[in-house]
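Please go over the structures that come below.
Here come two complexes built around subunit A, the first alongside subunit B, the second alongside subunit C.
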Partner chain A sequence: MSDAPLAQSAPRAVVPAAAQIGSSRWRSDAEYVVIPVLAIAASFLLFAVFLLAIGKSPVEFVSLVWRGGFGGAFSLQNTLQRSSPLIMTALTVAIPARIGLIIIGGEGALVLGGFVAAALAVPLIGVVPPMPTLILMAFVAMIAGGVWIGLCGFLRYARGVNETISSLLLTYIGIAIMNFFVEGPLRDISNPNKPSTKPLPDSYMIGSMPGTSVHWGFFFGVVLCVALYLLMSRTTFGFAARVTGGNFRAALAQGLPVGRLIVACTMIAGACAGLAGFFEVAAIQGRANASLAAGYGFTGILVAFLARQNPLVIPPVAIMFGGIVAAGGLVQRRMGLPDATVQVLEGLIFVVLLTSETLYGRFSIFKPKGR
Partner chain B sequence: MSSAIISRRALLRTAAFGAAGASLGLGSLRSARAADLVVGIVYVGARDDFGWNQAHAVAIKALKEVPGVKVDEEENVPETDAVSKSMESMINLDGAGLILATSFGYYKPFVVDLAKKYPNVQFRHAAPLWNKDTDPKNAGSYFGYLNQAHFVDGVAAGLSTKSNKLGFVAAKPISIVLSNINSFLLGARSVNPNAKVQVIFTGDWSLPVREAESANALIDAGCDVITCHVDGPKVVIETAEKRGVKSCGHNASQAPLAPKGFITGAEYKWETIYKGYAADLKAGKTLPNFLVGGYEKDFVQNTPFGAGCSPEGRKAALAAIEGLKKGKPIYVGPLKDNKGKIVIDKTYDNLDPFLDKMDYLLDGVIGSTT
Partner chain C sequence: MESSILIVLVAMLGGAIRVSTPFMFVALGECLTEKSGRVNLGLEGTLVLGAMTAFAISYHTNSPWLGVLAAGLSGCVLGAMHGSICSLPRVNDVAVGIAMMLFGVGVAFFFGKPYIQPVAPHLNSIPFGFWSDSPNLKSALQINPLFFVGIAAAFALAWALRNTRWGLVVRTVGDSAAAARAMGVSVNGVRLMTTTIGGFFAGVGGAFLSLSYPGSWNQGLSSGQGLMAVALVIFARWSPLRCVGAALLFGAAGAIGPSLQSIGVTQGYYFFNAAPYILTLVIMIATSSAKHSAADMPGELSMAK
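For the complex of A and B:
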């Protein structure tokens, strides 16, 4: 983005060189905090206008969101539980974004990952003990998700197929594959009215984290975020991926293995969604059925964009979204608003945030001094 | 869409009880936990969907009129842990003492697990799934056997058709849906032995485009009556009306959508069940754990006859309703499926659990479950 003219006219402070570098760093980093916070504040303001227009109190709305999403142990656990699939599906968007790809098909990888995990478990139950079964399930879920999204990356590199479109379309194929098996060969006939795979017995389910009702998916999601942040910003692999994302031709000219990098990044991304699917099956549903396609993959896109594709920022953003969704029910019940109200808020946040992208570099206050 | 506006008004009205809470402040929200009973209701879709959810939402009004009962409704709750969290939120934040979970997939594991976790809260779920040996005593089931009303649809349609071909747009080949198709056929055959039912499965509960295509395909194949079992029958009924053929409804009243061709429709009468619950609550009684029935218990009904129904059809349908009220069986065995195999060996009572496991289409239905 080009420098705005006003930056040039900003008065220059006279400070010692070392302090100048430190404060410059701080200033330019602050931009990445202040602008999203302002964007969220602006979207809440717009939403307040919307609420006033339909004769509702924004103050009540905010207090209900607080109460339903964050105030109290129950609400907080509700929020964390809802945020855990979002953390992983947001990674599915954020990692390929670093290499310059926009993947929006996390939903399909989640569904397939969950389905493959549930299908694998059926013959193993009672034969293999719970722990190895779960590890194996998680493993195949990640492979399935990884192959699915990896396919988009491969097609992009090898055939020039637009990865955004292909990943979206593969989502529908993924859901159809699951439905085919769940309604056909792998259907549990003892459950005649909701086609599902055979359920996992309780002993094969992943429990909650000690002292909470939040399942382990949240913990692993956060660990994954930290690990992938380190991978993308502290290793040569991550550096090469970012170079490729920055300038594809330059990366090729440098002799970087661009194809392999793209496939690796998309496979990692898909594995994250697959793991989310595994947790949906092993911690919540206990079986694979149409409820796996609950839209987590799509909400994950919002979370990733809101987090500016930074894995470390994903957990707090996912928690914020989880909280809004968790409070959505309370808002519906207490304010008599339709369910779509919360979606209006999510939509506003997303649009304002995308708009705010154009603001970067336009405020002199964030400019490093002396340039 | 006008229906959205109506719904908002309806919501505002129904939310009037929340006015106390609306005066705000976290403290005053607590006061919702008064001595009154709070009944939490979760819906899987929108309350104005012209279908399953609307049928429940309309009936819930009966509960709202009971003094001392507060109704706490939440719509569009998916069949994931979102529903356990919504129910738990109703219990923890609103003090709900009775939860009505109205979608099939809510039951296992969500309702069962929560019933174990909150033994002092009563849970009732809208499908005949409660098992008295394995499931918690504070959980339970209620259900209306809508296939009885589809049987009546079939009777009226069988005498209102000219081509003897009836079309059925169905979502998924699961037992409840198959039972409605088979009952529709048997109803039609009971008055018109030449009647055939052609079925198309769309594959999912809400696929409006495919539902319209299916309705058109059935009409092109010569069907002159169209009915359906999908979440929102609106598209199917409107398509039939537009093409100038007759239609039978499903779940709630679609009569206003087809002023020319509407015959009648199969409707739930959840009201009877909810009123019964309300009366029990008022009397301080515990709610029954398992409450299912059809016409004999007034749990289902047919939409008032429309312009599409022939006078003979009307007469025969009314007679069929009288029969069902007395428990006259629909499935008079032996019956063959459409591949020639005997699948119903003898006559079964209308509520017999044997029929709940149906996985076939009877002889006379054109279509396949796979």
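For the complex of A and C:
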């Protein structure tokens, strides 16, 4: 293992199987749909037992989640709004997973991206018109996030530093950097309630997509998913990255620029989270403060694993969790449950989902015929 | 000027002893787990759940030591969960650790809601500064008994790993699963046991967070200590005794911010608060290598350090 630290850590299950051949492909693909769905069903069942044990009604819970997340135009738009940062932070996990890295620091890149965007806006407001300001803000947010997560990739390649731990450490450091500036040099003194940067005026905020109250972040998130899917599965770059993730030694032997591939993948991943931070600031909060660290980066990890690190599957999974997160408040008020209820459910789904990895290849019904 | 430097140093000494205790317990637990060839990244969740359980039990029974025991048992449950899930084929221990971290924190926040306000009996510290006239030194030497329990546990663990049959089995499983199987040892069974005991240690570390002076439970009690302890084990090269030294170093780094605050330096408070994370990162960069694996690393560890 000495000269192949990356290959060692690449979990087999994280990287989807290589393309299957022939007409029986749907059979083996079905396995990747049926098992996660079974895992979700099993975790909801376990969660129902948990609710019954503490004397709450699982039926009421499900109906509240449905009403708060998906029933009706208002709640549906709220859900889409919340799924936008989940889509982008899930990409922060999914892209490095292809090259064999487990990154869990999307939260930090989101916070830092949002903060840098808000800080850049302060001197530009009133001087530069809204559109160029927003484009610049998005750009620096992506750079900040990209550098942050790219650093994890670089340290992994150059020094063998475990990227899972370093990315989480950088999350705490990133949040500390934002707190330092928001409570110190960049604090808006006219706002005594919550330490924040100066707010963006309404004319500088990103509006919603026509006919909805959902901001443009959702649209860009879906576009990013499609673009990154194409990048990772239809280009030489993506192929080289997947080869590196599958077998580090083979990639080295082929003369692939392994280091550059790793840094590129992690920078793209960080840029996604940074963009999520930009949209949180420019479309929702209007300023950078502690509310940026709302846990989207952590839920994004779960979304990515549930989507089996496939960018095209991320949006629907993110919408599902966006709905659960959006319904959290309603569940809390109506059922008298703590706000951590959603966290328990998410943790349970995550644990059961990873346990279900053991089921792959166990059912003969999914085996292609004649093999 | 000179006296304020002294105050900071004394406060850092006290802080190092205080802050290092949870690091020490989590690191000892993780050290044992990793010795058997498995990584449990979920100890952050175990730490938080341990803190909540200890506080709740101490509140209801008026006995902080029962709280410590309950915290350890709650850690056992999470450890056993991790250990048994990872015994299944094709399951990745690092990913399960991340899931267990989110799960443990979620459960702790869920059940901990009613305990944010009340006050529970805490573990009384032992005043070792009785000989001194300096109030600063006196407060720095208010040492919690769990600190000594941790040091005793480190010595016991180091001895047991080196000198007992049990220790030999754990080390063999960690270095070569094939050799252990040839010896007739159940590899998954041993790893389940080490992960469960490791969870116990981390749970006790959590009890310190909520039951040491002044003793309170809130959602911001731990911010990454459990994860930093995993990095600390790498730094300590999988030796329980070196874990104690490393924990003290991390504790001192964590005490920089509050110590400077005690003499009125509040500038850059958030940066000093980030000192332990930065130190951890710097240490990881300094001790890792891209070319070869760390010295003394158990051969079966899936996670390349």
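Rule of thumb we're sticking to: the second predicted complex is superposed on the first by the 346 of 371 C-alpha atoms of A that agree within 3 Å, B and C clash if a C-alpha of one lies under 4 Å from a C-alpha of the other, contacts with A are read in each partner's own complex, and residues count from 1 in each chain.
Following the convention adopted for this analysis, a residue touches a chain if its C-beta (ideal position, glycine included) is under 8 Å from a C-beta of that chain, and two chains touch if they have at least 3 such contacts.
Here the structure is a predicted model, which is why all the values come from computation and not from measurement.
A.B. asks: Between subunit B (first) and subunit C (second), which, if any, makes contact with A:P192: first, second, both or neither?
C.D. replies: In the superposition, A:P192 touches subunit B alone.
A.B. asks: Contacts for A:E183 in the overlay, against subunit B (first) and subunit C (second): which applies, first, second, both or neither?
C.D. replies: both
A.B. asks: I want to verify the contact counts: of subunit B and subunit C, which reaches more residues of subunit A?
C.D. replies: So, of the two partners, C touches more residues of subunit A.
A.B. asks: After the superposition on A, what does A:G329 contact: first (subunit B), second (subunit C), both or neither?
C.D. replies: first
A.B. asks: Could you say whether A:V59 touches subunit B, subunit C, both of them, or neither, answering first, second, both or neither?
C.D. replies: The first partner, subunit B, only.
A.B. asks: Kindly classify A:L170 by the partners it touches after superposition: subunit B alone (first), subunit C alone (second), both, or neither?
C.D. replies: In the superposition, A:L170 contacts subunit C only.
A.B. asks: Tell me the contact category for A:F298 with respect to subunit B and subunit C: first, second, both or neither.
C.D. replies: In the superposition, A:F298 contacts subunit C only.
A.B. asks: So, A:P338: does it touch subunit B (first), subunit C (second), both, or neither?
C.D. replies: In the superposition, A:P338 touches subunit B and subunit C alike.
A.B. asks: If you stack the two complexes on chain A, which partner ends up touching A:I284: first (subunit B), second (subunit C), both, or neither?
C.D. replies: In the superposition, A:I284 contacts subunit B only.
A.B. asks: So, A:E346: does it touch subunit B (first), subunit C (second), both, or neither?
C.D. replies: second
A.B. asks: Let me check the overlay on chain A: which residues of subunit A are in contact with subunit B and also with subunit C?
C.D. replies: 179, 183-184, 337-340
A.B. asks: Any idea which subunit A residues touch subunit C in the complex?
C.D. replies: Going through subunit A, the ones touching subunit C are 1-3, 5-6, 8-9, 11-14, 102, 104, 155, 157-162, 164-166, 168-170, 172-173, 176-177, 179-180, 183-184, 298, 301-302, 305, 337-341, 343-348, 350-351, 353-355, 357-358, 360-361.
A.B. asks: Considering the complex alone, what residue numbers of subunit C touch subunit A?
C.D. replies: Touch list, subunit C to subunit A: 41, 81, 85, 88-92, 94-96, 98-100, 102-107, 109-110, 113, 223-224, 227-228, 230-231, 234, 268-271, 273-274, 277-278, 280-281, 284-285, 288-293, 302-305.
A.B. asks: Sort out for me which residues of subunit B touch subunit A in the complex.
C.D. replies: Within the complex, subunit B contacts subunit A at residues 4, 7-8, 11-12, 14-15, 18, 21-22, 24-26, 29, 46, 72-82, 85-86, 88-90, 92-94, 104-105, 108-109, 127, 172-176, 203-204, 356-359, 370.
A.B. asks: Which residues of subunit A touch subunit B once you look at their complex with the stated criterion?
C.D. replies: 57, 59-60, 63, 67-68, 71, 74-75, 78, 81-82, 179, 183-184, 189, 192-195, 199, 280, 284-286, 289-291, 294-295, 325-326, 329-330, 332-340
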